[in-house]
Amino acid sequence: MTTETAREVRQVSSRGLGAYRGYRPPPGMISWALHRVTGLGVLLFLLLHIVDIFLVNYGPETFNELLFLYRHPVFRIGEIVLVAGLYYHAANGVRIILIDFWPQAYRYERQLFYGVIAVFLLAFVPTAILMIRAILV
Amino acid sequence: MATVRPHVGRERPSGGFELYSWYFFRLSGLLLIFLAIGHVVIMHVINTVDEIDWQFVADRWNSPFWRAYDWLMLFLALLHGLNGARLAVDDYIRPQGWRILAHSVLWTLAIVFLIIGSIAVLTFDPTRFQAIAHAGG
Amino acid sequence: MLVTVRVQRFNPETDSKPYYQEYTVEVEPTDRVLDALNYIKWYHDGTLTFRRSCAHGVCGSDAMRINGRNRLACKVLIKDLGPKITVEPLLGFRIIRDLVVDMEPFFAQYRAVMPYLINDEPPPVRERLQSPEERELYDDTTKCILCACCTSACPIFWTTEWLGPAAIVNAHRFLFDSRDRATEERLAILNQKFGVWRCRTIFNCTEACPRGIQVTNAIEQVKRRILFEQS
Amino acid sequence: MYHRFDAVIVGAGGAGLMAAAQLAGRCNVAVISKLYPVRSHTGAAQGGIAAALGNVEEDHWIWHMFDTVKGGDYLVDQDAAEVLAREAIDAIIELEHWGFPFNRTPDGRIDQRRFGGHTRNFGEGPVRRACYAADRTGHMILQTLYQTALKRQVTFFDEYMMLDLLLTDDGVCTGVVAMDIETGEIHVFHAKAVLLATGGFGRVYKVTSNALAATGDGVAIAFRRGIPLEDMEFYQFHPTGIYKMGILLSEACRGEGGILRNGLGERFMERYAPTLLDLAPRDMVSRAIYQEIRAGRGVDGKDFVWLDLTHLPAEVIETKLPDITDFVRTYLGLDPVKDLIPIQPTAHYAMGGIPTDVDGRVTVDAQNTSIPGLYAAGECACVSVHGANRLGTNSLVDLVVFGRRAGRHMLQFVRENDFHPLPKEPDYRARAEVAWILENEGNERVAQIRAELQEAMMTDAGVFRTGDGLKRLQQKLGELRNRYTQICIDDKSRTFNMELVEALELGFLLDCAEAISASALAREESRGAHYREDFPARDDVNWLKHTLITRTSGGLQLSYKPVVITRFQPKERVY
């Protein structure tokens, strides 16, 4: 507690994002990292989306012209990724809310994470098939 | 044998911004699951970007329900997402100056995008353009 | 069995940054990782430095990262790890030397939650009464040995300042003790920006706790306590 | 570096922290500890802390006193035992008021369980006297005391190792010298009063329940400064240590109904203690286990027996013995609900140590002459309340009762006395010792000498002892002492040099071992934990007295002091 040391020694600590490399992530850490990444990804899209929807006020020509961008194949794939992110974020969000408000949920933390993956796949696979088909048609 | 009744908690804590932020996260998240996934399914799966154009939006926003729906979603998603970004800033940006700067940027984004999004959703008047379109046609 | 132990080394007097050194030792499969480290220190390289004391998981001295996860070296058996073992210091702290980190910030967080019973009412002649049900409410969090496995497993702790799981566990121990009268002060501390709301329910703390404390659950209970007493 | 405090406490276990809590806020007090306080070995105590609260069945402090005296084979100072048994009640209530989370009875009072040697009505049968918190009572005591010390804003010097005790030529204690382990710096602590609460020295033995840090630092340093050590031949072996590892499985296992079985499956304690059976005092149970093994009734001809909990309800095992269950699962891969647990006696507790009176003042002779300003409490001290054998749970009682009394007496002392000047160059010896170890160019490894010491002590100063064995041991210790002067350590740096710490500790262990072996060789009788195969009977005529061993320039000197007998005359000890 009382260390009145003024020595000249090199200070090394393992703070910062670099620490992520040093820890073998348990499932909970993976689920949280995915949640954060998908959340930030969806936010970026949301900002873009607000800009484009703002353009409806400039009339059909301006707006419809912009839609060409959205119909580009790269964006169509991005759209699928967006849906994946949103689904995961939603499913894992439900898991977090359960942990927060259902006092017994902590007992099933792992199972809930696997449940999230299951729900995600159940929802995303059919959606993805529909969306891919729409691109191919 | 008489048992002593469990009792904990007598005093009340004072409220804090982080508490409300946390609570807002959960409530808005729950609502957004329905709003955003509903939106995505309608706009990106059932309909695809191929079918969506200015007219589609104009028709949709003829209904006050869809306008309310979209505005609520915009409002919640924007705050939910930017609040998430704020947490990420708090988690990763340690120097005080950078942190304040990042917070300022986020709040500015929130206000600006909330305004332009609201303008788009609430003040959009398709008849104006339809009149122009008819006159021109 | 022959095992290779890869240890992160650092001596501030001679090294500018940490490096890894490998030792190969003959150990019994039922030996603890601590036994292997002791064997290396005692018979191969006396400069290898780590903390240790009780050697059976109740004092909390030898918390370190073993194969990438926070563990007590005296509670992990060699047979559960296989022939290659990597041992590194806890994350998020200044390294004093080799596996020894500066625990002072950790104990400062602990002290910040007022980790002691506060009750200024004149005590009865005999014990204060507490039912087994009331006692049960905080049983889990009394197990904490302050080893820092949980706090230094928290990704939020690695990147920013906050109370961390261990301090909240110890606050929980008093918040849910029917004899304590400082609920308001303690909840006010935990309700701050650097309090419980920094918890992102990642569960690394629970996974790392060598005493099996449901750390995340304790934090969640504190959150609900603040939330519901607030409204 | 120089520090000045009214009172300095060395050791942050139960006794040290209890004393600190008495002094904090009332005078300027510092606690010096080799480990972080919460790492102290008090935290490893499991089963309980005895006090005649009578919460679950009738009990009286005088029964507790009687059990303590009888358990200690009548070598107990009965004035001290009376203080212990009476004040245990106050001390436990005080701990409860400080927040100790005891297990509770259905009506909300402190719950109590059975423990070895604790009886009702002077030996009629087991009594529920041990207050407990699951099987981590010591952990809770340590936590509660540390918490209280923090609340009262005690100044802590964590990871500072005591190297020397400062005594003036006219026999006044003026402070201690310690090394900051993190930096290697030497610090001088000038004090009006010093409390040694440095714990035991179980690491002199090979199989021990003690922490690696339990190396008798305070005991050895006092010994080096010419203070006698009392009753060092009495060293307790706990019957139930995990086979080969020595990790303690609490007596609470048997208190909750567990039984011991030999290789044939017999409940062999029926032959040795027909009334208390498996809850007989530890010395008797440990000896019984070895007698079974010697008679070929160990398990598979090996040197262990079984601890059987399988007949207990799984719920009792899981809720009342959770840590034990965890140890057995972690280290043995066995499930105590279904499997028998292999156990052997493990070196556990030193009854002897630095002689003190009931106020913790260190005394130096048969007349109880004390050293002004020097106190000792806890396992490093010998009050003597444990006599020849300590009862289970009485160690924790000892800590809180005598830690408390020492603290209170110190407070009075520091109020009445002024600082005594320090001797010239107070840190001279400590610096020389550290420098010697860092610079010595020998060819002996510390660990090798320590291993041989532990092996020899286990063989010749363990549960069974003989004159020949002890002489052989003394010879071996002489050899090891010579080799110790030839050590060489790899680590020459100042920062957190644990090899230096271990080399210093080995020196302390050698001192303790020498005191044990010389005291044990002289005592030609069997009493409590000291069992001489060549003198198997207790001899009250010649040996109802405490051993004092002093290091002088002419070698080790033995003297004796009488046992204080007040209420209970020595009788044959049967259970």
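Letters A, B, C and D mark the chains as written, and numbering starts fresh at 1 in each.
The rule is short, and it goes like this: a residue touches a chain if its C-beta (ideal position, glycine included) is under 8 Å from a C-beta of that chain, and two chains touch if they have at least 3 such contacts.
Worth saying up front: this structure is predicted, and the values here are computed from it rather than measured.
The chain pair with the larger count of C-beta pairs in contact, out of C-D and A-B, is C-D.
A summary of chain positions shows that the Cα centroid lying nearest the centre of all protein Cα atoms is that of chain C. Compared with chain D, the chain whose C-alpha mean position is the greatest distance off is B. A straight line joining the Cα centres of chain B and chain D is 65 Å long. The centroid of the Cα atoms in chain C and the matching centroid in chain D are 27 Å apart. Chain A and chain B have CA centres that are 16 Å apart. Mean C-alpha positions place chain B and chain C at a centre distance of 38 Å. Annotation for chain D: residues touching 2 or more other chains are 106-108, 182, 495.
In chain B, the residues that reach two or more other chains under the touch definition are 3-4, 92, 94.
Listed for chain A are residues 1, 3, 9, 16-17, 96, 100-101, each touching two or more other chains. Within the complex formed with chain C, the chain A residues making contact are 1, 3, 9-17, 19-20, 22-29, 31-32, 96, 99-101, 103, 106, 109. Touching chain B in their complex are the following residues of chain C: 129-134, 137, 156, 159-161, 175-178, 181, 183-184, 187-188, 191-193, 195, 197-198, 200, 223, 225-227, 229-230. Of all residues in chain B, those touching chain C in their complex are 3-19, 21-23, 87, 90-92, 94. Within the complex formed with chain A, the residues of chain B that make contact are 26, 29-30, 32-33, 36-37, 40-41, 44-45, 48-50, 52-55, 57-58, 74, 77-78, 81-82, 84-85, 88, 92, 94, 109, 113, 116-117, 119-121, 123-124, 129, 132-133.
For chain D in complex with chain C, the residues that touch the partner chain are 35-36, 38-41, 43-44, 93, 96-99, 101-110, 133-134, 136, 139-140, 143, 147-148, 150-151, 182, 211-213, 245, 247-248, 323, 326-327, 330-331, 445-448, 489-491, 493-499.
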